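One structure below.
Per-chain residue numbering starts at 1, and chain names A, B, C and D are given in the order in which the chains are listed.
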Amino acid sequence: MTGWRSLLLRRETGIAVMIVLFCLAVGAVKPQFLTLNSLRIILLLTPLILIGAMGQMLVIVARHVDLSIGSILGLTAMVAGMMFRYAPEVPWPLAFPLAIGLGAVLGLVNGALVTLFRLPAIIVTLGTLSLYRGMTFIISDAKQIDRQYVPSALKAMSQTSPVFGIPWIIFIAFGVALLTWWFAMHTRIGRQVFALGSNPVAAPLRGINVTRVTLTVFAISGALSGLAGIMYASRWGFVNPSNTGNGFEFQVIAAVVIGGVSINGGVGTVPGVVLGVLLLGCVSAALPLLGIPGTTQSAIYGAVILIALVIDRMVRMQGRTRGTQRAGA
Amino acid sequence: MDSGSNPVLLSARGIAKQFAGVEVLSDVSLDLRRGEIHALLGENGAGKSTFAKIIAGVHRPTRGTLVLNGQEVDIANPIVAQRLGITLIHQEPISFPDLSVAENLVLGRDAGAPLARVPWARMLAEARATMGLLGVSIDVTRPMRGLSIADQQMVEIARALASDSRLILMDEPTAPLTPKEVATLFTIARRLRDEGRTVIFISHRLEEVRALCDRVTIFRDGRKVATEPTAALADADIIRLMIGRPLKEYLHKTKTQVGDVALKVTGLTRPGLFRDISFQVRRGEVVGLAGLVGAGRTDVAQAIFGIAPAEQGSIEVAGRPVRIPDPAAAIALGLAFVPEDRAQAGIFRSLPVDQNITAAVPRRIAPVLFIRRAVERALAVEAVKRLRIRLATLRQPIGELSGGNQQKAILSRWLLTDPQVLILDEPTRGIDIGVKAEFYDRIGELAADGRAILLISSELPELLALCDRILVMSEGRLTAELPRAQATQEAIMQAAVPRLQGVAA
Amino acid sequence: MLRKSTLIGLTAGLAMLAGAAMAEPLKIVYIGKNTGNPYFDSITGGFEDACKSLGCEFEFVAPATAEATSQIPFIEAQIQRGVNVIGIAPNSPDALNEVLASAREKGILVLTVNGDITGSEQYRDATILPVNFDIVGRDQVELVGSLIGYEGEIAILSATTEAPDQNKWIVGMNETLKSDPKYAKMKLVATVYGDDQPEKSTTEMEALLANFPNLKGVIAPTTVGIAAAAQVVQSRGLAETVKVTGLGLPSEMRDFIKDGTVTAFQLWSPYNEGWLAVHFAKGVLDGSIKNEVGGTFEVPNLGTITINPNNSINTQAELTTFDAKNIDEFNF
Amino acid sequence: MTETSATARDAAPPRPLWQVLLIRPEMMTLILLLVGIFAGSQLSEFFLDTDYILKSFTLSAEFAMVALVLTLVIIAGEIDLSPAANMALSACLFAWVQAAGVPLPLAVLVGLGAGLAMGALNGALVIGLQIPSIIVTIGTLILYRGLAQIIAGDKSIRVPESFVGINDVMVAGIPLPVILFCLLALVLGLLLGTTIFGRQIYLVGTNEVAARHAGVRSARIRMILFLMMGLVSAVAGLMTASRLGSVRYDLGLGGELQMVLMAMLGGTYIFGGRGTILGTFLAAWLLVIVTTGMIVANVLPAWQLCVLGLLLIVSIIATNLIYSRTQR
């Protein structure tokens, strides 16, 4: 239709094409990669990252970043796990509101520090990354919550499926993505997130309540990390104070940046991020199949982030030179 | 049309505003009537924009009250203003480059809860209708990024139109517009007035004010000096009220000895910004560069100074062809550039005045390796004396000084480099009239000293008073070169405004 | 006269000092790999109980991460605190050499407990390991063999590629498979590494199932790996076709044993490592035990313990096998 | 008439001298340092011991040295989160080529060269492509650490005995790494405070556009800083290798938090333009005092994480407040 639409489409098609090419290339070497079963494996790798990426996308679109999501995931998962262990009489589904609510509060703390004191989010969340992880150790007395305490019904959500053999957890993740898409495209505050990231100086002049929008994106990011915390307990069946959520932020930021969300704010789409998550999932699932040692994964993540940044930058530079042409002349 | 008897819509009572302890607006009282177009006139920094921003809720007054329809209102922020039916069209278009044109149109007036649904279909339809009213063909689904300044300004105007406001403030809306667009704008403004709305029109182009406005209010030094029907004032009266003294006093420029060519540019081109610019400036000569905002004047200056070098064309300094890849090279060749945007490209806000003054002469303050504070201080003291910079101490952060004194410090920074060619981009913007006069004296002295001066200015009287020759740019091209004798405001505007005679009436 | 009385006085004084020193309780510290590692809770329990019964002071400290250098400030701090015994589960086989050497210079008894600094043995006094690691590979192969009827393809899901203990066991497994005709019909098709992370272990396990459709058994000699492997098998309903076994913690594996996903797995008693370490340290410091290869000593509940070559001490001779019958007897 | 208005617009009177001297972030750092020493001595009787504190500082000296250069980078308005990963990669490369038979001096050069190359890559992406340094260095942080993991797997590589033991070299009873740190602080302090290069770092960090207009070669200055960053990280990596006697991919893991913390605690302004080497110098000691005090008192590492996180947040809030108060 217009240049704008086609540009965004191109970015998303670009990722989709990369996914297809990658899968075909791996499939050429290992045909079993192109089976329904490996689709299932890929899908099962994605839900946590997808949920985290939805929140992170909003934060980055608003020109901030949230490095503390891994620690929020760990802390909320631990609180839920401790509820399972020490208060087994409480109905387990209550862990959902508990973890999501706690996550939202932790996210609000980030947002409040960022807005009230006008601090850069990167430093604030680097601090809370450390702080929340420390709190996880303290409340748990550095003890792991073992499988036996995590309710079977919760664990089953990662295994049993309502339809098509796809476990609940994947439906939840894609449901979150759908809700985020709706939020970003069809609510006032969702559009305000994009407006704020697009031009933070102008936002208050146009009646956008910057504090509210900033708090909202951090709260959403925190709440979704809380949901990811519960999902972690469901997926892996245990909660460990030091491992749970460790390094989560890097995976999520990688997915978001690959998905075409601009670190300069204002730009990003849910379908792009979903594709970015899927691409990472494909890479993670393909490595062991190809016999590539897991030690390379981190370098691949780093390289992919940098390449995505460079591509993003190139696209922007092109856009800018076009933008400087005058319409009238 | 006579609006003299219309009821008052908004009345400002004793409005004052201080920024960081400096009073920029004092005790302004003014009644705005329904169904009138009211001009706010004044020099840069006279307070008219600040006053408009207070009404639009961008700033809150330090003192004073606003009464809307007989009720005292507290316009705490732009949202409140919007709700009260007040819309401000900013001087520089404010847009959200990543959002679509349609969204830019509605942002700020879309009411509802945060989670309320965005009615895309209705929004697009309304946006198309509004753009149609303005006679502009812009696809409303495309993002703002990439629109020309004029198109962005049209979107701004469309936004005000669509918002159904009672009071519309336009802060220099015509600067980037083509005459045809200006004509459209004027038609719309009149229609708004006839519907009983109030339009505030800020400009310093007398012709436009005369053509459009029912009443004018003139600001000077943060005070309101007059409110009269437009017809009641002659141009000379308006200018006298604006500057507080007759125009004649500006004419300082004495005839100086014009020497060799100091700067010569040939065929300078940077696609999209300017094309095939050729001119020369001789020693002892003040050459003006006139044109509308966005005509490419600053871009040419930046290209010469190496900030954003041209893609084609050549530059000669003192008769030798040179290559200027960055400002450091330009400085080494004896060029100096006082940029237009002082806050962004001039001062180091949090650093002391002396460091600001010596920023461009590292060799002089540190002949070998270490900075010699005594030398630095001595240079700064001398500069402060010479330009009469008012300050408390040299260790004071420059951000604490007034605009005029900041500008003096920037000028003194460049004088320390002993430049042979001095490029001044709107050097008197936003500074007091008294300081302005000092600047004019200084520019004359520098030329008399045998330096070549290229003066970019939007204030035609300033150019006419100071320059030996005036170059005019329009849409990236040089459209006229007027010797002093032939230069008039009309001649300049004719060359500056693309494809048309005079201003739309 | 004067000389003699001075001497007597001195002797008496020294004796009193010595007495005072003896009365001061032994200070023992155990430095874990990192906090939040459930495995160490059990070892620490052994330390605590033994210290209580022998009247020693005990502290458990651990860094937040298992990074190579993270234990160094903790060792320095313990030297500064003047502890008598440092037990440590080293995070690096060699990065701690310098600081351990300075601890021993100060007269501190350094024991590596549950993990050794292989190749740098001269920097510690003795190592306390649960079993003789030479037999682990053999026992694990026997266990998986018994589960799959000694026939078919098997694979190994290990920790990291360089994990020294696991690699030692994998060598043992390979040798056993090759040399013992009993296992001739079993074929080791792959050895993969899950880096002791649940995510990676899971994808590796999934890849094993995809690459080797005829897989019969998987040995995962690591607590993270066996749990991840069991979970994959459980969620795909393959418990009957693919037998998962290895080394695991009863607390983490209980569910899998109960629902039949895993028939049996092995481990030792981490508790006994702590228990033994304290008794050994106390004996060495009060002179009742000589820290010499070939020497023996008695430990309550464990019986006679021999000091093996390299000053290596084991708490038990054989691995303990856990299955549905006995799993509830263990709570670590 | 214009005279009066001009006077009205001239700014308020300057602050009194005592305020200028006392309301400085470094003062906050110094006070915290004294409080830290006092608190440490109250927490544990074993704490107040110069040798022990010096020894503990040796463990952080490498990070502290990087933090000094990082201070310059932050003052210039950029940031670098990759130095800890850079330390690991350059040390791993050094140990790896050395183990492969390359002579020791050459291997050292390889390590230092690798560090420079990593700094150059950061600089090229930030300055050449104009991508914000914060996100570039998050990317390279993952990349460099990942490459170290590819090179070294997860095994440690021994370094030759002749290279081991920098921390045991004593100069006048002070460990060599501490001496090196102090020397570097002195040199960088002079560089920043008394030379044109230092002055131009402040100019670039305060207003990059204005600095370029004033003829400051901002790109060159920032590139030099990223290269310095790469070099000092490599030096720090090799020092760590010498101290530990072996190298593994996880060397310095998470060190970026400590480095940033040292710079922030020393009053370096996160948005650039302000900060001093003295501040970072004091902050490095403060951080060592705080962590050492907690470790020797057997405080749970969990509390240390909390305290570090809180310190980071509190220090930027305090710094911002101080700067916004003294800058009207």
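Assume a contact is a pair of C-beta atoms (placed from the backbone, for glycine too) under 8 Å apart; a residue touches a chain by one contact, two chains touch by 3 or more.
From a predicted model like this one, the values you see are computed outputs, not experimental measurements.
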Could you work out which chain's C-alpha centre is the most distant one from the centre of chain C?
B
Mean-CA-position distance for chain D and chain C (Å)
38
Using mean CA coordinates as chain centres, what's the chain A-chain B distance in Å?
44
Express in whole angstrom the distance between the two chain centres, defined as the mean CA positions of chain A and chain C.
37
Quick check: what residues of chain D touch more than one other chain, meaning two or more?
153-154, 300-302, 304-305
Residues in chain A with touches to at least two other chains are numbered 133, 137, 142, 293, 295, 297
Contacting chain pairs - touch in the sense defined above
A-B, A-C, A-D, B-D, C-D
Which of the residues in chain C end up touching chain A in this complex?
34-38, 41, 62, 64-65, 161, 192-195, 197-200, 203-204, 206-207, 210-211, 227, 231, 234-235, 251-252, 254-256
Within the complex, which stretch of chain D touches chain C?
44, 46-47, 49, 52, 55-56, 59, 153-156, 158, 164-165, 167-168, 240, 243-246, 248, 250-254, 291-292, 295-296, 298, 300-302, 304-305
Chain A to chain C touching residues, read off their complex
30, 32-33, 35, 37-38, 41, 45, 133, 137, 140, 142-144, 146-148, 152, 158-159, 236-238, 240-243, 284-285, 287-289, 293-295, 297
Could you please specify the touching residues of chain D with respect to chain B in the complex?
1-3, 5-14, 20, 190, 194-196, 199-200, 202-203, 206-207, 209-217, 273-274, 323, 327-328
Counting only contacts in the complex, chain D reaches chain A at residues 125, 129-132, 134-136, 138-147, 149-150, 153-154, 249, 257, 260, 264, 270-271, 300-310, 312-313, 316-317, 320
